[in-house]
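After this come two complexes, each holding chain A, first together with chain B and then together with chain C.
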Partner chain A sequence: MNARLLGVALVLAAARPATAVAQVERLAGRVDDATRAAVAAVVDSAREAGVPAEPLVNKALEGASKGADGARIVAAVHALAGDLGRARSALGPGASPAELVAGGAAVRAGVRGAVLEELRARYPRESLMVPLAVMADLVARGVPADTAARSVLVLMREGVRDAELVAFRQSVERDIALGAPAGGAAAVRLDGALPGTTSTTPAAPRKP
Partner chain B sequence: MPRRSPRRLLALAVCCAAGARPCAAQVEAGLDAAASYVRYEGFLGSGAASLSPSLAWRSPRTTLAARGTFLVFESGNASLQGLLTAGTFSPALGPLRVEAQAEAGASSYVGFAHFAHALGSLRLHALGGRWGAWAGPLLGSVAHEGSGAGAAGVAAGAWMRWPAGALEVTWSRVTVGDTAYSDVQARARWHAGALEVEGTLGARTAIPGGGASAYGDVSLVLGFAGPVALIATAGRYPGDPVSGSIPGRYVTAGLRLSPRHPAAARPTLAVPAPVRTATPAASGSATVEERDGLAVLVVTAGGARRVELMGDFTGWQAVDLAPGADGRWRYAPGLPAGMYRFNVRVDGGPWAVPDGVATAADEFGGRVGVLVVP
Partner chain C sequence: MTDDDPLIARVAAELRRPRSPGPGFDGRVMAAVRAVPAPLPARAWAWLREPRVLALSPLGGAAIAACLAVLAAAGVWGARRGSRDGSGAPAVAARAAAPAAPSVVTFVLVAPQASTVALAGDFDGWDGARLPMRREAAGIWTVDVPLTPGRYDYAFVVDGRRFVADPAAPRALGDDFGRPSSVVTVGSGAPGAAGGSL
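Let's look at the complex of A and B:
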């Protein structure tokens, strides 16, 4: 039995580089050879840090489809590898690729690695993809990173999970769209979203 | 000339009345019945009852609309108003479109005064996915008790919209005869479920002969029983040398009967609000449906002939979405849980982010939609 498990592990270990190679092969015909080689180098380096190849190659493909030059593509891939690496360090080796992508987006938005570590420590068995994605989006909409992180942490501590987190994000988005300060919108909606506090009656439209 | 069978015509009419997507055009009709209190400036206040029918035909690029109001005051005097509008957009020229508008209206305060006007305008629109800006001239004529005057002006505006609301800011300067005035106006709209709230705040700047004032209103529409909705509005409107209305304050509450969209038009009283032509969506809106445990991305782009998608899940290769029987466009392969980036292109326009999804900078100088499938 143990020998069988060892065999499976060896096969998986051997397959990992092949997967990365297959990912890089997706760039064939989409970017020039020099860009492809540079991206492959970033992918190899990132893979050693436990970062999956697919989001990196997707970033390069996105750049290629949008007509970016090779240098800009490589810079974007390199920056993403850094974000994913920091997310990987904070979320631990068990983090799923989806969590890493969301975590990388949160890190890019300005959420501190310590927040990701706290989330993982509190919820070691739950997928953190949605909480991290909500954090990243709130910051992208102008909510200070610490406020966004605190909001998600407080809500999760109160038992709020994915669907309610998405609804919370949407409420904040609406408030901001109608003129509320981003940080204030998050704070007000946080109060309204917490169980047992004020109702979630929609805010009256603010005068622009 | 081929004749259409009555059954086919009936099916077409039902299809359009129901707002079914396969129809390129839609017909909307409504009737407001309301009670009001209005106080025209310089006059005593009065109660009033009103009936306001409306009818609009909309195709992806063209809108024809008619609206009327019959108002009976406490004194027994009556007011009758009518407005016809038409607007059409040119095909997209990159991010630009040209809109031609025309309107004709008449009002009669029985035994008191009669007005009529006709205006035409051109607007050049610059359209993004969730924003737009426009500017253009207007020209027309105004008639009052048999005497006429020319009307001319320029107007400009900008708007942004979100899944649950929109904000528009406009500026206009209009000269009617020897009266000139400028208006700056902001309008915000928000809706959630059956409730729609709209607020307007405006200021008329002091120009010789035009007067100065601030004005605004708040309107609520709450659908509560099928095609029936409660309507309420209150505010102050300025005088309008084009339509001949005098400034006043008012409060109105009533019912709206509208088979399709109870909240499609705001309640009106003495001064019919301008009937606005639909703003063409540059990239549609996106939602997610669940099918067999997977998320299916659905794009709604009214009147579109082609909708393309590219994203993480297509290897950033453009793929054509398939139109469904409901007129919406779907990316048939479902998406498992994950965080995806994507862009949408409608009718060969620019790659953009549809309404309804989060956006982020794409590191390549543009924006990308971010879809999270829990």
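Let's look at the complex of A and C:
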């Protein structure tokens, strides 16, 4: 190896963990040393799997801000690293950090990895951040994960924009707030968004 | 053996004697150098820079112009089709990732009884003090935050100690710390708003 190649390799080796180190440094003064070291270990491990450090450190900071103890913070960071890792496996190495965060939320919501893989296969060059976030948000409102995933997939197949996906989610949320069953609300709104199609889910009865 | 040895001295003197390479030496060296193939990038660059004369008949030129016109028209038609919103079905290419330009998101909380309200979230390291909210009329608290596209967990910090999830926003899944958070998703579009009332 000549001197130039050696220099490049050394710079890369030094620069790569520097980002993660800088992220972990944000924990200084916010958590105790033991917790910080444990979080750093999770971050290092996750980084090797292609998971970005920032959301993991943010989770630790959230725990610190909310007064959680070290063990709970580390457990939460570890769980998030797992979700992000599964999202990364499904979405591929080209996934952006924003996509991974949204994908991790979708995975945590119960959306299957196969759904993420299908999305990436269909839309290899488009950002999937908003569709994945909408899936996770629908599940958070009580829509079954499979129904949420199917709704988003069908709408995307129709070519809807991100803003329209968000509008769909808001409509479902309004219906749920008015008393409609979550799964039924999503199915009815999907039918409304797709004239000429019929949902396999019966329409949601509305409370008066 | 030393330099004083007469035999060594004679050999050394012979070796040190200048020799003429002959009249065609330079030419032979340059021919040998030219015979060595240049690296591929250098050859490619030289090929690209070398001027050429293209012979083109009027009919061939017209055919090429027609092809270019058809391609340009197809591009314009595709772009218009992609942006059309007839049945809400623009081309999926409209979803293509955009540069991460920040959008200003207005967070709102109605909390008439609160003395102070701040915003804390993934975007400020859950600081709780960096984003104080302004009290408007009727106990409405607001703050504008520029956010790049992404999904962020956040909560309101009421009176410096109480974490309150946004009643008007989706909850973050998995309440890891016993105090729920909310979620805001910022796309690559127009400014947004998030908020609700206590």
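Everything that follows uses one rule, which is that the second predicted complex is superposed on the first by the 180 of 208 C-alpha atoms of A that agree within 3 Å, B and C clash if a C-alpha of one lies under 4 Å from a C-alpha of the other, contacts with A are read in each partner's own complex, and residues count from 1 in each chain.
The working rule: a contact is a pair of C-beta atoms (placed from the backbone, for glycine too) under 8 Å apart; a residue touches a chain by one contact, two chains touch by 3 or more.
Quantities reported herein were computed from a predicted structural model and do not represent experimental measurements.
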Following the superposition defined at the top, how do chain B and chain C come out on chain A, clash or fit? clash
Applying the document's definition of touch, where does A:Ala140 land relative to chain B and chain C: first, second, both, or neither? both
Please work out whether A:Ala102 is in contact with chain B alone, chain C alone, both, or neither, and reply first, second, both or neither. both
For A:Ala41 in the superposed arrangement: first (chain B), second (chain C), both or neither? neither
Looking at A:Glu164 after the superposition, I want to know if it touches chain B, chain C, both of them or none. Which is it: first, second, both, neither? second
Contacts for A:Arg174 in the overlay, against chain B (first) and chain C (second): which applies, first, second, both or neither? first
Chain B versus chain C as contact partner of A:Ala187, first or second or both or neither: neither
So in the superposed three-chain picture, is A:Val154 touching just chain B, just chain C, both, or none of them (first/second/both/neither)? neither
Touching A:Arg125 in the superposition: chain B (first), chain C (second), both, neither? second
After superposition on chain A, the stretch of chain B among 73-81, 199-207 or 343-351 that runs into chain C is 343-351
Could you pull out which residues of chain A sit against chain B in one structure and against chain C in the other? 26, 55, 58-59, 61-68, 72, 76, 79, 97-98, 101-102, 105, 127, 129-130, 133-134, 136-137, 140, 162-163, 166, 169, 173
State the interface residues of chain B toward chain A in the complex, per the touch definition above. 160, 162-165, 167, 169, 186-190, 192, 195, 197-199, 201, 310, 312, 315-318, 337-339, 341, 351, 358-366, 368, 370, 372, 374
Chain A residues touching chain B - in the complex, by the definition given at the top: 26, 55, 58-59, 61-68, 72, 76, 79, 97-98, 101-102, 105, 127, 129-130, 133-134, 136-137, 140, 162-163, 166, 169-170, 173-174, 177-179, 202, 204-208
Interfacial residue positions of chain C with respect to chain A in the complex: 87-98, 120, 122, 125-128, 149-151, 153, 163, 170-174, 176-179, 181, 183, 185, 187-189
Partner chain C, residues of chain A touching it in the complex: 26, 55, 58-59, 61-68, 72-73, 75-76, 79, 96-98, 101-102, 105, 108-109, 123, 125-127, 129-130, 133-134, 136-137, 139-141, 156, 158-164, 166, 169, 173, 193, 195
